[in-house]
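What follows is a set of structures for review.
In what follows, chain A forms one complex with chain B and a second complex with chain C.
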Partner chain A sequence: MTLTRPPATTPAPAPLVRLRSRLTAPLLYVVSFAVALGLATALVTLAGHSMGDALLALYQGSLEGGASIGQTIDETTPLLIVAIGAIVCARAGIFNIGQEGQLIIGAMAGAAIGLFVPGPGWLVGFLALLGATLAGAVWAGIPAVLHYWRGVDVVISTMLMIFVAMQVVSFAVNRDYLLQETAVKGQILSPQSNLLPEGVRLPRLGEYPDFNLGTGFFIALAITGVVAYLLRYSRWGFRLRMLGMNPVAARRAGVSAAALGGGALLLSGGAAGLAGGVMLTGSVYRIQAGFADNVGWEGLLVALVARNHPLVAIPVALFFGMLRAGGGFLASTGVPRYLVSVVTALLVLAAVFPAAYAELRKRRRPAAVEA
Partner chain B sequence: MDSIELILASAVRLAIPLAFAALGEWIAERAGTLNISLEGMMLGGAFTAVAGAHMTGSPSAGLAFGVAAGLLVAVVHATFSHRLSVNTYVVGLTLNVLVLGLTSFLIMRTESRQVDKLTIPLLSDIPVVGPALFDQRWPAYLLIGLVPAAFWLVHRSRWGLEARAAGENPGSADVSGIDVNKRRRQALMICGVLAGFGGAYLAVAEVGTFNQNMTAGRGYMVIAAVIFGGWLLRGTLAGVLVFGAADAMRLALPALGYELNPQFLIASPYLLALIAMTFFAKSHRGPAALGQPFVRGIT
Partner chain C sequence: MPPSTEQSRPAGTAVNGTAVPSVELSHITKRFGSVLACDDVCLSVNPGEIHGLLGQNGAGKSTLMKILTGLVTPDHGEIHMAGSRVSVNDPLAAAGLGIAMVHQHFSLVGRMKVWENVTLGERGRVDRDQARRLVKEVGERYGLVVDPDAHVENLSTGERQRVELIKCLRRDPGLLILDEPTSVLTLAESRELFSVLRRATTDEHKTVILISHKLDEILHATDRVTIMRGGAVVARRDTAGTDVRELAREMVGRELSKWTAASAVGAMDALIVGEQTAAEGEVLLRLTDVHATARDGRPLLRGLSLQVRAGEILGIAGVEGNGQAALGDLLSSLLDVDSGTVEVCGSAVNAGKPGAMHRAGVGVVPEDRHGSGCVLDMSVAENLVLADLGEVASGMFVSPRKLRERAARLIDEFDISVPSPDTPMRLLSGGNQQKVVLARELAARPKVLVVAQPTRGLDVGAIEYMTERIYRAAQDGIAVLLISTELEEILTLAHRVAVIHRGAVVGEMKRADVDLERLGMMMGGQIA
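And then the complex of A and B:
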């Protein structure tokens, strides 16, 4: 008598089915991006403009010629720094959405140091960046304290802190004893600070009409590299990921949620503050109420589209930076620059859709067939 | 006395659009969605209301257009966050960027007549509170019906019980046969209708035209009001009124010759909400599963 094995409960999927499931994922991405671009095209066409012109303007503003490429990189730099902070936080399972506020508070601290601290330019510039980082961290630290002391939800408190930050900056640039520009005879005072002195600014490589870029970009790249390495290989990174994936197991393993999670929140706030400092010392040079200009929000979106991988954030931030740089050029074609916000938002939705859809399909399929 | 009457009337007037949106946000939050796209819903409502009023020539029809826009934003949000389980904050933020970009892109010189005022005779002559309560645009009086209706829906109906269960303990709700994500989607759509109406009211009833980013953070202010009110209906409405008063004071005090820091008044709703949260957090006032996506089988 020979024992025969019972037949496997689930037959192997036919080659065609396997091929289809392997093709679906990329196909889904292609389709959803096509839908996003189609919607944008429809919008532009319905408003009576030409999508070709708009795309050409976006290309000219972001990639054609050295000055445009430099502009793209300048726009990318703060987005990338914000995104790296957001990634550290998200890996710890904490969702900080207050980068817009942390960024502008950082820039305000940087401006105060850059304008009022005496000393050699390079040192003051360094101190300004350091101060910006610390100020951003403090602004994220308030929600961190509220969370671990009273259990206040981080998402809500970081969001509310944005609006407080805006008013703090607005307060400072409307007071001549604080940051408002010094009066010049015959000119109306604007609610903005003085320009930073030359020596305090971050050096730029190259001259204006040709390719030129701010050295802040190298700071951003260095931070990205260090964070990518630490998250992957260090004990800190391991604990952080453990905390994010399973807080209960992390606590059993002796990870302090308050120290590690709170630290991650401070780091992400510090990154946003540094991004503000780099924007200030690298390209904007003065602070006013509209300084942040959605960089904090968009940096957060970069992290989300990059699905919290630091190295993936580099190309994503470059792409967002291209859109921002190109947006300035759009106006010349008569297409309002707000098209860039629309396209950005549609692309974000297109980027999150396929994975979520695949997940939904997987959940709906009976478990046995999946094995 | 006269200036108190003026500020009170202005506070109520400014609070009315917030109140519509706050009813919606309250329902959505009780069902477990911290709906950040409220700002987008209100802004979209304001824009389409003016565009609709311009096209049809009737400001009342514009209100219906505004409701439709709020609902549309809600449907997109609900599909992404409670069908596809995408992080609700991601969806909300993206929708806000989208609506702000879209309305700024499509902005045109549209004007709309304001809807008519409904002044209740005699009562509006009552000193101090008369003008505030009985001399408003007609849609404002819908609140008299909507507030008890919202309370009944959430606290007295079967739907409300199920929606609150979805917000408090989605796992248990699911086990007892409640379709958690469906209830959350429905709550979000109710929120879209009310927020769209609030935005439309702001544009068509109060201002009479659409300006770029005209809601200017009112949606976030309403979220703050729901938190400030400890997720209770009466608290939420009180929050809306307090924030309306802060706004009214910011506008009125300089004209009356008082010096008060405008930045502090603008920031006060958010500061009050933060302080309120600090006190409420330990007593677990908020819906326990607020903002957490529900996926069956994962705890």
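And then the complex of A and C:
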């Protein structure tokens, strides 16, 4: 009895539990979106606008016509790159939440290279992306060093580094001896850099007003594919997952947390920096104080909703990209910007909630089983 | 099944029987999901007796007692106390009915004094002098001597248990429940506890339920015993009219060999004395004057020295919390030494470096297998690899084919019951998880095998399995270090016994020379 009992009883409840969660997951999404839409409708109506019009505008801005779809994809690109970095880090059990800062520092480095390094356009463009990646990695490297050398909490240090990054960029774009744009006669100088030269920019496929998109999207997809494969099949991925799921067992098995975990933190910073570089060379072309525009934060949310699965991050990033593109268009139809923010934020919450809820349930379950 | 026939018999057949049982649980059923924790359980305890509740882990003892103390609500069944029906819906109700329980793990605040711990949870004004007096009074009544002004953190485990007992007894409960009370006590402390319990029943006419899985204890300390297996009551006996073999058979459901009876169910009498002698192999593991401290500066090991030879099992006996965990961590590269050396096969190892011990040839089945033994969220196949990634990789990549092949081979070789190699480790039973850990460590062909509390929380089948595997590992020429707080386990397996106390080995003896009294005193730190 003693030897045969375990297989007979223990695995039995597992498929049941899994089945139940599989059934409730879509339902949970439906309910949370319904609640979010209901709240959004109430708000928009109270503010004297029509929810129908707002939804239509969201649709038109993100999916109607080639240009809108291209816009959605352009918004998706940096979100996906940030999310992949966040996923690598989270899989190692480390929570980097400073992507917003790493992204803007990366973009600033890219802008400096793109504007001041001489050479053929394609090479400078490449160097700008490389520089952006390295700068993002360095920005994440500081919290990494602080953590493994002095035990400073990564969540706090990466977040505080965002504010430092914002100030650094703001300083740079306000100094004409640094990155601020060159004066044209009679023009008041804005806190922003010059536009990147044409040759340095990432090429675009297709023509406006038809379907067109930046080639950065393919960079993002390639990174996603490579990371998904490495996490699943490489020795590095195996050790990284082991570290994330049980650092004690990993240490016993010879994994150095400082090397592997610190490396993951650098990689995620590098990804955020690259995302900044791709935004810069792919669509914005200049650095400003408000350059990051929450892309870092939303990329982090993409990783959360995708539950740290790189391939799932692709559709999730597309959804968030749609919201960003549609939200921009909605604002241009006269709905106040703050309402647009509230509506998109509600939809983001609806998308995040089921994942967060499942995470909470998962944490509670082991305790319940042992009792 | 006996319950129905037993039920019709009047309760007064017991040794010191009275007409009305003090507590009677009838037809209690409790289901957790698909697991039937208690299946139509009837338990009747007479006033003034010590009633043993015997069963393996998972037999339903704890659930039954949780029902009686209001922590769990039963699906069916009734509770009667002194003849009248009561409902115990929450712990407060239980306390009101005079039911008190000493849990296996103490709930004491280390930084507070004894009298403060005793008054904890009291409402209203705290009267310090009265509380002190109370501690003394209760202590004198039951023979539980403890200084009311001592800080709990400075007390020994035995003294802490006295504080727990005083906490319960000062409320003057009619029914006292003790859950595995001796698991942290030395032999002498256990005996002392039982005499206190005897005094509480005979002098104060209290009723005691003693939960245990150790047969010796049940035989020595109880009047009657109820044996549970798989959520149901399988037998009721007067202790005087039964013996170890019968109890073991009822508890496990089959005949046990003498060999496993000793380690699995704690039947000390069944131990075969002085049979094991190991060949004098070369020393494979040598620790010399090792000092280590915890991160918060607490000393963990204070000058620990030991050596284990090839083919030998060295048992480390001791009361829990005397550095056993630190010793295990040290040999898992989770802890670095402050001074002293660790040598494996004659060459020194940099203990604190991640993976160093594993590379040096030290396999570890850790005390806390969920902590450092396995990764619960990874599959069984992956858990069979962990450190030995090189064996299933080609170049930079892990080969899924090699991974599965290796898993299939080990699952077969070590007789692990698992639906598929891809099953998450989390879904396995404790016994099978332990088998996975053992299989992985032995597959790495270690020179030294460290097994810490290898059978804790396992059922008898799994205990038999582990015991035999450890024995075979030593036969194969591995130097085995067995760290355990279960003396029976050590006496069953070890060729030599070393006693650990306050982070150092305080004494060592051959298995054949073991004298239980002396061993117990060493474990308590009385002699070195």
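The rule we apply is simple: the second predicted complex is superposed on the first by the 311 of 371 C-alpha atoms of A that agree within 3 Å, B and C clash if a C-alpha of one lies under 4 Å from a C-alpha of the other, contacts with A are read in each partner's own complex, and residues count from 1 in each chain.
FYI, a contact is a pair of C-beta atoms (placed from the backbone, for glycine too) under 8 Å apart; a residue touches a chain by one contact, two chains touch by 3 or more.
In this text, all values refer to a predicted model and were calculated from it rather than measured experimentally.
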{"item": "Contacts of A:Arg252 with chain B and chain C, given as first, second, both or neither", "value": "second"}
{"item": "Chain B versus chain C as contact partner of A:Ala42, first or second or both or neither", "value": "neither"}
{"item": "First, second, both or neither for A:Val117, with chain B first and chain C second", "value": "neither"}
{"item": "Contact breadth on chain A, by residue count: chain C or chain B", "value": "B"}
{"item": "First (chain B), second (chain C), both or neither touched by A:Tyr233", "value": "second"}
{"item": "Chain B versus chain C as contact partner of A:Val155, first or second or both or neither", "value": "first"}
{"item": "First (chain B), second (chain C), both or neither touched by A:Leu304", "value": "first"}
{"item": "Interfacial residue positions of chain B with respect to chain A in the complex", "value": "34, 36, 80, 83-87, 89-91, 93-95, 97-98, 100-102, 104-107, 217, 220, 223-224, 227, 261, 263-264, 266-267, 269-271, 273-274, 277-278, 281-282, 286, 290-291, 295-297"}
{"item": "Residue ranges of chain C in contact with chain A within the complex", "value": "33-35, 230, 252-254, 332-334, 354-359, 364, 366, 371-378, 382, 385-387, 389, 393, 396-398, 400, 417-419, 423, 426-429, 431-432, 459-462, 465"}
{"item": "Complex interface listing, chain A residues touching chain C", "value": "1-7, 9-14, 16, 233-239, 241-242, 245-246, 248-257, 366"}
{"item": "Residue ranges of chain A touching chain B (in the complex, touch as defined)", "value": "43, 47, 95, 97, 146, 150-153, 155-157, 159-161, 163-164, 166-168, 170-171, 174, 294, 297, 300-301, 304, 336, 338-342, 344-346, 348-349, 352-353, 356-357, 359-360, 363"}
